[in-house]
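Here come two complexes built around chain A, the first alongside chain B, the second alongside chain C.
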Partner chain A sequence: MEVTLGQVLALLGAAMAVFLPGIGSAKGVGMVGEAAAGVVTEDPSKFSQTLILQALPGTQGIYGLLTGFVVMQRIGILGGNLLPLTTYQGLLVFAACLPIAIVGLLSAIAQARAAAAGVGIVAKRPEELAKGITYAAMVETYAVLALLASILMLFGLKLA
Partner chain B sequence: MVREQEFLYASGRIRALETKLLSRTIVERILEAQDMDAVMRVLSETDYAPDFEELESIYDFEKALENSMKRTLGVIKESLKDQRVVRFFTLKYDYHNLKVVLKSRILGVEVPENLTTLGEVPVEELLKLSKGEKDVAVPKLMRLAFERAAEVYEETLDPQQVDLILDRALYEELNLLVQDIGHDFLKSYLAALVDLTNIKTMVRLKYMESDLRTLKKSLLPGGSIDLEFFEKMFQEPVPVLIEALAASNYSKVVKDGLENWVSSGSPAVYEKLVDDFLLGMLRKGLYKPFGLETVVGYLGARENELKILRVLMVGKINGISEDMIRERLRDVYA
Partner chain C sequence: MAIVKMKKMYLFGLNKERDKILGVLQKLGAAEITDLREEDIDIDVTERQLPEQLGSELSELELKLSRLKFAIDFLKPYGKELNPLIHGRPKVSVKKLQDLLNRESEIFDLIDSLSALDQKLSRLKTEESRIKSQVELIKPWEQMDIPVEELGATGRVEVRAVAVPKKDFKSLRDKVVEKELPVEIIPVGEGREKSLLLTVYHISAKSDIQELFKEFAVDTEEFTGFRGTPAKIIAQLQERLKAIETERQKIKTEISRLANRLLDMEALYDYWLLEKQKKENFMKMAGTEKVFLMKAWVPEPSVGAVKEAITSVTSAAHMVFTEPSEEDDIPVVLSNPRLVQPFEVVTELYSLPNPRGIDPNVFMAPFYFVFFGMMVSDAVYGLVLSLLSGLALWKLKLKGMGKKLVELLFLGGISTFIWGMIFGSWLGDLIKVKPLWLNPLDNPLAVLFLSFAFGLIQIYTGIILSAYKNIRNGKIVDALLDQGLWLVLLTGLVMMAFPNLTRIAKYVTIAGAGGLVLTQGRSQKNILKKFISGLLSLYNVTGYLSDVLSYSRLLALGLATGVIATVINTMARMLAVNILGYIAMLLVLIGGHLFNVAVNALGAYVHSSRLQYIEFFGKFYEGGGKPFQPLRIETKYVDLEV
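On to the complex of A and B.
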């Protein structure tokens, strides 16, 4: 089978949709984890509350993987029958991956900062955990919007 | 340059520790305590309980304060990879020991008193240095300062020169350290500390009718106010100084503090206002989720707490009235 440039570009898009938000989430979850470990060193009873906050920046990685799967399904790589994409089709798929790739990376880190601040709330006023979660969850909006944009574009493309 | 993210773990830990800082209520209760037993009862509810329990006599309270600070420094050191920020706080203890060791040598005292265990250079090494041994594990800058102070003392036979030279050396090293860390928050904090100390030095020397040469030797380096300013103001009366600093950040501290100094003849209120001003700067650490500010703020808050307790304990032990103590009492951090 002849590999086309379009196929390469489409797969590159899928890869970016997975790895960039993945990096962001790994960094973000790590950051909140460090701050949470500091609090738990002094007060082990705060473990479960801080764990919730730590998980928040992890969603971007999942959105990226989801987008990657949609691309793989759309270009037929999942069934083993890669579609013969033209260069322009490949570029379209690549473009559709950009929103979640870039917003996923940056929003995960931004969310981690808000969540790390939330860890500070838990340290001082554990009863206000919900407020800390809400502040961090606001950042989620933009990751969801980027996911939505990427998915809508991918489903709208005519590839076959 | 330090990265904010290196402070994540320490900041989380500090967030939990900040809840154990003395609250205004505790300070009030100590202040209102009828006798030392009542003071000890209040302290037993705080984080200081283990340190005060160990004491044989309440007059040794300084030991308890030192132990509690030592614990704090240990916690922060083990939470940070880069220890330079902690060094910013511990350096002064080493220079304090350096002074004590040199002065003891001058007085011919074998075992120096008033040494602190909060420094990072082992006291044994400092004693070896003072005995003139080669090959001692004392950092180069400190060793040079010690030798210079010893030399000048031998020329002048004035023990005050030891303080002047070692204080200057301490601040020179602090400036180097802060440049090395390269964080704006720490730079502005040190500059304010130096400025406010220089203002105090200048006014004190004016009252002592000292000369310009002593002033030049006593002013510390690294402030945001030029040393020429102080040399010029040295000839003027205090109200002119207050006027000249009216547009600076320190206007309120200088006005209220120095006016009180002029009328009462005591720098106590100025010193309190300076400490409150610096604590206000440090409070940035309270509101920053994580970073160098959080660590510096907490360590500064702990030192401030020791000052509060020192004023309270000395006041209570000597039966000084509540109002007199209150006047000298610093604000709390959180």
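On to the complex of A and C.
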């Protein structure tokens, strides 16, 4: 079977949707983990609270994987029958991947900063954890919106 | 269903009955005593004395508590206590407590002996580490078989034990041979970095030798304070170490023997803790030599109980209950139906309501319930969540906020189950069940519109609550012009979305918008400014728009759960090739889906909270309430039945 440029572009989009937010989440979760470890040295009982904050910037990576998976499903790579995509179709898929790929990467890092600051809240006033979570969740909104845009675009494309 | 009304209580009583009165109040746990000393009271209590003896009583209590605390912490590792999370806290009866109080001096003697044991243990520890470092030092010399007291000068000959850096040993020996010094060098062992030597030399060569020693940085070992050969010394030291260990074991058995008194001490600690909490409240009162005046907050439904409790112990107390005044900082207690109570934790984590505001929980609970489930939206996940949290509620003795959170999760699980059935998601696509409505993967737009509809309903609720607040405060005009006109405008905009309504929608929108332009600037003086602020107020439409769009996360997170579940299923199916593969498949399925439940439950909790905090509370809610903290029986270790 001949490989078309469209197929390459579509797969490239899927790959970007997975790896860019993945990098962002890895970096973000790491950043919050560093801040959390500092607090836990002082008071090990705060482990579970800081763990929640650490998990928050991890969702972008999941959203990215999810988008990548939807692409794989749509272009038929999962079933083993890769659709013969035209170059334009491939570009369409590629474009649909961009929102979550880019917003995922950057929002994970921005969210990690907010969450790491939230770890500071937990250090001094553990009862105010919810406020720290809310600050971080404010950032997540944009990742959710980007995910939604990417997925709606992918579901809307007619590829077969 | 709301914020409980508070009454302000002033109580006059006799000083000699103060303790008794506070005792019953503590038992009842329905009055928060507040500080009177900083308040201007128009009742004639001119002397606001703080009896000196009270201060010393309190510090005496502190001392008692700290001694008990020491003993409890000290004994804890030796005692076997049941986990209070599973078995609940131990109960201590009045009789037992009375008995303990009678034997109190004996218990404090016990604590003294415990602290003596503690000191002994730490002395042993210091000695042990000293001996260990000595052994370390002498160990390399073990081969030297002359008693250390024989080192030194003996008439014409000096015997010295020295250590020379290993690399210099050879050059030292060469130098000695070269200079033909009358020295005998006998290697006796090897340290980590040094060679250990026994040197025997004639006094006449002493200065030469010492120069050589300086040149090669040779240390002379003196063994001060020891006798016998190094091997013997080490044996003695080891013996002492053993003796220390036996002694320590002896002390530890003695401590473990005392560990069964742990409960006694905890009970006493809690008793004195309650006493201290009670006494601390004395500090907040005003009074004269014979009489005291106290101010407290009492929830309206408890007023009768408080009166009754106080009159049951004394007839010489006078109580006045008044309504709170404008500037009073009223503490907040919420009272909600049982089903709504778990949702209180969401509000509590944000901020308690302003005592003069609205308790949002009843209005928030249904939305939270629906949103949580919609974001996780898998029937099996819902069952798992409810089963796990139900198990925790049943088996663990949870209290306070932790209990509410688990209950919230339980209800969230039920909602998740319902949404899972609606969307036909049972472990993603693993179990194929026909959806009650539709699968969001087939028609995401329909679910998106449903999300927006939920958002609109919640935003309308928020605006209506805000209007209600205005009406309650007598600002009916504000309610009509601010909230009413916005409702008209928003309704018009929503109607535009329906093709057969567009014609009416236009008029409704124009009416709403026109009304807003004409009235929103009403606080301005200048007519031009009135118009401009009115026009600018229309800009708030964007705020409402972004609020509604924010509810798209209901769809997005629901999709995320479903798609991740599908990913897990797909990965698992790929593994199913042989028997090992089937086992791996099972592991991937269980691990993967558990992970998905955990991540999405966290996400659903976070995002449904956020929708309440930002989109809903932002419309009407005033926080900043201070929790009601009555004087009550609040113990640390045991449940006292006082």
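Basically, the second predicted complex is superposed on the first by the 160 of 160 C-alpha atoms of A that agree within 3 Å, B and C clash if a C-alpha of one lies under 4 Å from a C-alpha of the other, contacts with A are read in each partner's own complex, and residues count from 1 in each chain.
Basically, a contact is a pair of C-beta atoms (placed from the backbone, for glycine too) under 8 Å apart; a residue touches a chain by one contact, two chains touch by 3 or more.
Remember, it's a predicted structure, so these values are computed and weren't measured experimentally.
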Using the superposition on chain A, decide if chain B and chain C clash or fit.
-> fit
Is A:Val39 in contact with chain B, with chain C, with both, or with neither (first, second, both, neither)?
-> first
Touching partner for A:Val71 - first (chain B), second (chain C), both, neither = neither
Look at A:Leu20 in the shared chain and tell me whether it touches chain B only, chain C only, both, or neither; answer first, second, both or neither.
-> neither
Kindly classify A:Ala108 by the partners it touches after superposition: chain B alone (first), chain C alone (second), both, or neither?
-> neither
After superposition on the shared chain, which partner residues are touched by A:Leu11: those of chain B (first), chain C (second), both, or neither?
-> neither
See if chain A has more residues touched by chain B or by chain C, and give me that chain.
-> C
Using the superposition on chain A described above, determine whether A:Leu85 touches chain B (first), chain C (second), both, or neither.
-> neither
Can A:Val139 be said to touch chain B (first), chain C (second), both, or neither?
-> neither
Should A:Phe155 be classified as contacting the first partner (chain B), the second (chain C), both, or neither?
-> second
Check: chain B-chain A-chain C angle from CA centres, nearest 10 degrees, reads 50
Looking at the superposed set of three chains, what is the minimum CA distance between chain B and chain C in Å?
-> 12
Complex contact set, residues of chain A against chain C = 52, 55-56, 58-59, 62-63, 65-66, 69-70, 78, 129-131, 133-134, 137-138, 140-141, 144-145, 147-148, 151-152, 155
Which of the residues in chain C come into contact with chain A in the complex?
-> 349-350, 441, 444-445, 448, 549-550, 552-553, 555-557, 559-560, 563-564, 566-567, 570, 599, 602-603, 606-607, 609-610, 613-614
Sites on chain B touched by chain A in the complex = 5, 8-19, 79, 289-290
Contact residues on chain A for chain B in the complex?
-> 31, 34-43, 46, 113, 116-117, 119-120, 123-124
